[in-house]
Each structure stands twice: as C-alpha cells, then as structure tokens.
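Here the structure comes first, spelled out in structure tokens, and everything after it is commentary.
Per-chain numbering from 1; labels A, B, C and D assigned in written order.
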C-alpha cells in the first residue's frame, strides 16, 4: 500500500466533486490507479487521457510510489 | 506639346534636387518622358522602375496627356 | 527567466510586449486568442471558464518556447494564458515573438500557439445563453466513448 | 472605411488594435516591423528615414487589404506605415488581422505584410554610424546597373 494524493481538474473535478483527495492504494501503476478510481467514480469517457505524476507527464505504466501526486489529464482546450 | 507635372521621391528626388517640376514636353508616352528626363538628369541606374500617372500605376507605353502628374517609382523598401 | 505564465485576472499587454524589444529585432509577430461568441458552429456563447493545471502547465509552456528557440532564429518569445472567467472579446492567450527577420517571427509564433493549444493542460468550459454548458473537447470525446479506450 | 494609412509621427497602437475587436473573432494575428540596428549583414544602423508616395501608397495598401479579404476568411484588417525619421526600435509598420480562426488570421497577416513590402511605394534610407547612408534596394540595384535596362 502507498499513500498518494490525486488532484482533479475540469470535467474530472466536477465529476468527482472534489479538487483533490488523499488515498491509500495497492495499485502498482498509475494505470492501475486509474482503473481502481474508475470503478469507484465511473469516470466519463474522455478519449485519450494523459497522466502526470509529481507535475510531469508520465506513462500509464509508471509505478506508484509513496507520496506521489497524480493527475489524470482530460483532452486539453487552451487558447 | 503637353503641360505635365513630375514628382520625384527618394533617390530620384535627391538626384534631381527637387521634389517636383512642371514641364512642357513633346514626349508621346511616359516611357518617352523618362528617356527625355534621363538625358537631362542622367538618372542613377535603379533596375526595374515602375511608373504612375495621376496616382495609378501604368504601363510605360501610356500616352501623356495635358495635366498629367507623373511619378517614376524606384524599387520600394517598406516595412 | 520566465517565458510562459498564467494570469488569473485581466492584465495590460504593453509591459509584456515591451520585454520583447531588442535592437537586433526587426520583426515582431504576435497572436492573441479572444473569447468569441460561437464555437464549432454553435452560436450563443455567453462566457468561458478556463482552468489550468498550473505547475505542469508552466513547465510544458517553457518547454514549448525552448523548442521554438531551438527551431527558429528568434530573439525573444513570451506566452501568457488567462485563467478564470472570461467574457466575450477578452484576451485568453497571447504569444509574442521578436526576431531579426519576419519568417522566423511568424513561424515561431505559430509553432508556440499550436503547441500550447495541444499540450498545455488548460481546459475551457463554455457557458451558453440557453443555460447549457460544457467542457470543450471532453464532450466531443464522450460522444465517441464507445470507440476508444480511455487509456492510450 | 480606411484600412491602410500612413503616420508621420509616433502613435499609440492600442486604439487601432481596438478597432479589430469583434464578438465573432477568436483570433488576432499581428506583425510589427521595428527599426533594427543592422541590415543585410551590416551593423551600425543609427536611424532610418522613410519616404512615401502617399496618394498611390494608400490606394495600393487598400487594394492589398481588399485582396486579403477576398482570399482569407477574416473579420477585420488594418495596416499603418510610419514615415519620417525613425530611431532604432521604433515601429515602422503594423499589420493587424482578426478572424474567427487562427489559420486565416496568420495567413492574411503574412499576405498583407509581404505585399506591402513589395508593392506600396515607400522608400527607406539607412544612416550608419560611420556617416554612410543609402536608399535600401536602390544601391544594390545600382551595383547591377550594367545588367538591366532601366525600363522593364
């Protein structure tokens, strides 16, 4: 089990109803974490999500470590 | 003979030493006028000149008419 | 030195543009994104809300501008993106690039705005006159939900 | 309505940019030409003098902008060119274009500045720190004088 923090933005923040949460999880990777949270929240289908750990983009296979801050990134729409 | 006015800009103005002059000429076209004035002033070689009559670009074969205002246009360099 | 930033309130562009001045620079190209009253063929946009993941957004924005310096012969470049509630006509994003010559200034300006729109984690929620609202891109994605797995 | 103009003195761009605002416009692309301290690989430019054939210049500038409206899906477009003595760093020319989308704004802005530089009767005299001076383009042409007849 690792202790992590998840931050939510935009459509995911509205869906979850919170901008962040602290979690204990047995998920091995950020991909596993997404699936765990998807089971809990039934995230809206958003096409290709990206993911960041500790304010850097990373692969879905990135291992979770204690203290990580994870953000799932819906399709962006700046400009 | 027609009575016309010639205006000079930039390198031609400096070469002639005046921004404009009134002329009586027997030149039939603006091209003929250029050659007449070139004999008088020995214009610097400027590559492809353009010419305007009465504030519109025109061909070198344009006939001169009484009251015309003629401008020879050296290569431009705006911007 | 910072080349990319977020602003939560309206701001004056003039001092930011002034930072791009340089005696060697003969060309300045800029782009401004303004909030318009329509999107994807639908009229009646009342206002937008921009939300950003700022810590990552600034890093990605700085990377984009570093790429522009590597690709194009430019003198200076900056980008500022607004966050928060924006009314029709308000400035949402500004890109400014100075260079000795205009080819590089135009190309770099275009590169930066294109990459910022595709890569910087910023989201835009439209609010329509009829009371409808939605996150741009996300709603379209949801329409194709059955086609694509959520994870690439 | 006038889309192209000359200014004999320094001027504030802000009111001119403000004229390009429009609720349908989501994109604004601009170009500014600034007086730089070098040209054609030669350093030491002190200042420039711009001279224009204004009556024809305004007509040709208006034609160029009309062409841009015909070619690109743009909302508004303006161009202002300075005349007179300009110091290093001063604004020599400004082109501003607003459009619903950025492709058209960029393309039209580039079209207008390229055509203005090639077609509008404006001449530029460089003054160098060593006391030398010369009309840009004309001196280069003179160097090839033997090759080309003066009349096309």
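Here is the rule we use: a contact is a pair of C-beta atoms (placed from the backbone, for glycine too) under 8 Å apart; a residue touches a chain by one contact, two chains touch by 3 or more.
Just so we're clear, the structure is a prediction, and the values are computed from it rather than from any experiment.
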Common contacts of chain A and chain D, by label, are C
For chain A and chain C, the touch-path distance in steps comes out at 1
Whole-Å distance, C-alpha centre of chain B to that of chain D, is 24
Note: chain C sits from chain B at a C-alpha centroid distance in Å of 50
Distance in whole angstrom between the CA centres of chain A and chain B is 74
So, in whole Å, the Cα centroid of chain C is separated from that of chain D by 27
Chain B touches at least 2 other chains through residues none
Two or more other chains are touched by the chain D residues 33, 113
Full set of chain pairs in contact is A-C, B-D, C-D
Counting only contacts in the complex, chain C reaches chain A at residues 33, 50-53, 55-56, 59-60, 81, 92-93, 113, 116-125, 135-138, 141-142, 144-146, 148, 150-152
Touching chain D in the complex, chain B uses residues 7, 9-11, 13, 31, 34, 38, 43-49, 52, 55-57, 60, 71, 73-79
So, in the complex, the side of chain D touching chain C is made of residues 14, 21, 23-38, 88-89, 98, 100, 102, 105-106, 109-110, 113
